[in-house]
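Shared chain: subunit A. Partners: subunit B in the first complex, subunit C in the second.
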Partner chain A sequence: MEWKWEFTWEILPRLVVATGNTLVAAGAGYAIAIVLGLVLALAQRAPSRVLTFIVREFVEFIRSTPLILQIFFVFYVAPQFGIRLSPWVSGMIAIGLHYSAYLSEVYRGGIESVAKGQWEAATALNMTALQKYRRIIIPQSIPPALAGMGNYLVGIFKDTPMLSVIGVAELIHTANAIGAEHYRFLEPYTLVGIIFLAISLPAAGFIRLFEIYVRRKIRL
Partner chain B sequence: MQDFSKFPLEIKGKNRPMVSFKKVRKAYGELVVLDNLDLDVAAGEMVSIIGPSGSGKTTVLRMLMTLEKINDGVIYVDGQPLTHMPKDDKLVWANQRYLRTRRADIGMCFQHFNLFPHMTALENCMEGPVQVLRISKQDARARSEELLEMVGMIDKKDEHPSRLSGGQQQRVAIARALAMRPKVMLFDEVTSALDPEVIGEVTHVIRKLVAAHNLTMLMVTHQMGFARDISDRVCFFYGGQIEEQGPPAELFGNPKKTRTQQFLSAVREAI
Partner chain C sequence: MTLFEFISTYWPRLLSGTGITVIQFFLAAALGVVISLGAGLMKLAPNRILRGFAITYIEIFRGTSLVVQLYWIFFVLPLLGVTIDKFTAGYLAVGMNIGAYGAELVRGGILSVPRGQWEAALAIGMSPAKRMRRIILPQALVNMLPPWGNLMIELLKGTALVSLISVADLMFESRQINASTYLSAQVFGAALLIYYILARFFVTPFMRWLEGFMARKIGREARGVGAN
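Here is the complex of A and B:
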């Protein structure tokens, strides 16, 4: 089997569109994970023991079951409870939920890295719990959390192919479809590999630069 | 349920103490740090707390700043209970909401400054007034700049703490605490983490505050000379008790208790 350039050029536009879909899926999933992860991290520090326990167990559960199972669950099981979601929406929710559990751990580490004296100084200024988190603790917990947040951004991008199992037209799904139509898999899969590489590698570099920038900006 | 009926709901009278510890007990598990502590501090008084390491000096200040819960007894500030709140004509343990209404009377400076590293000196000072007291940014800035001027840090107002020396950071921390206009200021070994050559710039600021005469102050310190100079009264703590207290001239010049004498001569030898 040899490489066919003509075929490569022919399928490229479809893969470019699929790349867009992959980026949208990863971006939307990450946006959900960033916000929900913070909620989960803060809930684990709530004064209520019951709430803390439930959230902890939930995070553990998500982290110890495979993403693909969670995708199937949201897509196939939720409709049986009367919640009908499109593949796209199910996919975003599943992947966002999954990564929110991991990001909550990253945030937790960041929050715990803030010195005890910072909490005490905030108390001495008579701040409310919300003011302490918003003004003092969270801003300081972000720089140490950035590396972990960046890793999971790349991770979520590389996990988007899982969404192909429920029919989201991301890169793998599209490559499969092309392969099935033309009985050629070499070019589509190779291209997909190159596309992933071409996005992941620079992204990791940008994340490093961004981390340095934020550290400078916040702490000098 | 503890019974606090032997404690008054409030302390009235023109000459009431600004701070009053009544039968205060503090323990960490089995370890009793302070037992049955009674201590009154008059309005405008400067009280220094000295004593060996582990004698409970820091704990006294931390309880007053509400950073530590007490196990028994009541603390009053300006006549009103701090650790407790009145409910149905009885004292019950204070809740968070009540604490927020009372804590405003107290400010504290820490051994390790605890400035907010992501804010400039000026922003550190403005944070409390803007966020907590909800005064306008202009007013908070004016007030903060005035205080930074007072502590000699106006030139560095736009620097982040990481660019300041320890003495400079501590002076900003004093301005930050004062910006909240507390009635009582607490200093916990504010010069202990400083290089010897910058201690003077911090004690100079505290001297200024003492000279102004309107703040009530409690200061934990190892600088006996400084305590002797500026205090109205010195309390010597030993094993969670006030072993001896009195005007500085008396306590340093003519200590009555053996433990005080031993402590003071040990400290003198160290110098």
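Here is the complex of A and C:
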């Protein structure tokens, strides 16, 4: 089968719109994951043994089961309990939850890398637990966590095609639709691949630079 | 219907799906390990063409998503004259994807072997191939096994995507059962549980055992077992 440039130009606008959707999905999912991940990381440091254990197992569970299955679970199971979720909402919940488990591990590593003296100093200054975390520990735990956080941003972007299974109009979903309409799969799927490369490779490079920049900035 | 009742009714289909998932896992893992080794070594090769080839391969497979790779191999390759059945396309895509990630681990592992080991092998007159096989790789393997444990979990999860090209794995069977019974909570709950059991009680313990085994094999104490 020959590559048709005419067809390529014809479908490109639709794929560009879909790229926008993909980026929005990745961004929204990541926003959820960043916040929820912090909650999961802090919950694992709670004084309650039971809570720590439950959260730990929950994170393990999320991390060792396929995202695509979690997407289906959220999308199909919520209605059984009378909650109607749109594909977008359930997709964002599933992908945000999945990556929050990964991000919690990244945060945990970051928090553990803060020197013990910092905790003691904060205690000596009579800070409350909240103040300690907010003003001393979390700011210092971010720089070592940045590399991992960046990798998972690219990771979430590459996992958005799984949202196509519940009908979120991202890149693969659009490519499927184009292919079915025109009986041509060569151009749409190849273009999707190229778009992914064109975004994720520079993004990975940019994240590396950003990490170096922040490290330099923080070390003073 | 409770989860228990559900499983006792639908266990044959869940079991056959799990079987396919396990087979896909092993085939993809074997392919992934071979590719990792090949691409990882090639990325360290002095020859520029070999290195360029490895880098291109790794960047393409790490830069795009597994779903895209799977669709490309299954739907586009036939248009270019290479027809692959869905079962083969499934583990091929997953294995090639994991191979690209594994190649970086192999490269890192090899570079982590101390300089002195290379020099000592050279000093006793080993050929480069023999040095790699007998001195460098065994030590590199021990160094890189811990992250391989995580990669194997990613691989197991990756096999769920072969359901998208209708390979009748656990994910696919779950979707089918869901479509005909609407028992979504039970079927997807059971599938989640099965994947979790496979990961937590088979893949992870095996990789842990392998870490200890390989470490003892080259005369090193097993390292402390960290959380993943």
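Following the convention adopted for this analysis, the second predicted complex is superposed on the first by the 220 of 220 C-alpha atoms of A that agree within 3 Å, B and C clash if a C-alpha of one lies under 4 Å from a C-alpha of the other, contacts with A are read in each partner's own complex, and residues count from 1 in each chain.
Criterion: a contact is a pair of C-beta atoms (placed from the backbone, for glycine too) under 8 Å apart; a residue touches a chain by one contact, two chains touch by 3 or more.
Owing to the predicted nature of the structure, the values given are computational and were not obtained by experimental measurement.
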Joint occupancy of subunit A by subunit B and subunit C, clash or fit = fit
Of the two partner chains, subunit B (first) and subunit C (second), which one does A:Gln80 touch, if any: first, second, both, or neither?
-> second
First (subunit B), second (subunit C), both or neither touched by A:Phe185 = second
Now for A:Pro139: first (subunit B), second (subunit C), both, or neither, which partner does it touch?
-> first
Partner with the higher number of touched subunit A residues, subunit C or subunit B = C
Classify the contacts of A:Thr123 with the two partner chains as first (subunit B alone), second (subunit C alone), both, or neither.
-> first
Subunit C, subunit A and subunit B - angle at the middle CA centre, rounded to the nearest 10 degrees | 100
Contacts of A:Val55 with subunit B and subunit C, given as first, second, both or neither = neither
Is A:Arg63 contacted by the first partner subunit B, the second partner subunit C, both or neither?
-> second
May I ask you to decide whether A:Ile218 touches subunit B, subunit C, both, or neither, giving the answer as first, second, both or neither?
-> first
Distance in angstrom between the closest Cα atoms of subunit C and subunit B, superposition on A = 23
Subunit B and subunit C footprints on subunit A meet at residues none
Contact set on subunit C toward subunit A in their complex = 59-60, 63-69, 71-72, 75-76, 79-80, 153, 156-158, 160-161, 163-164, 171, 174-175, 178, 184-185, 188-189, 191-192, 195-196, 199-200, 204, 228
So, in the complex, the side of subunit A touching subunit B is made of residues 115, 117-118, 120-121, 123-128, 131, 135-136, 139-140, 218-220
Interfacial residue positions of subunit B with respect to subunit A in the complex = 65-67, 100, 103-104, 106-108, 110, 112, 114-118, 127-128, 131-132, 160, 162-163, 176-177, 180
Which residues of subunit A touch subunit C in their complex?
-> 1, 60-61, 63-70, 72-73, 76-77, 79-80, 105, 158-162, 164-165, 171-172, 175, 179, 185-186, 189-190, 192-193, 196-197, 200-201, 204
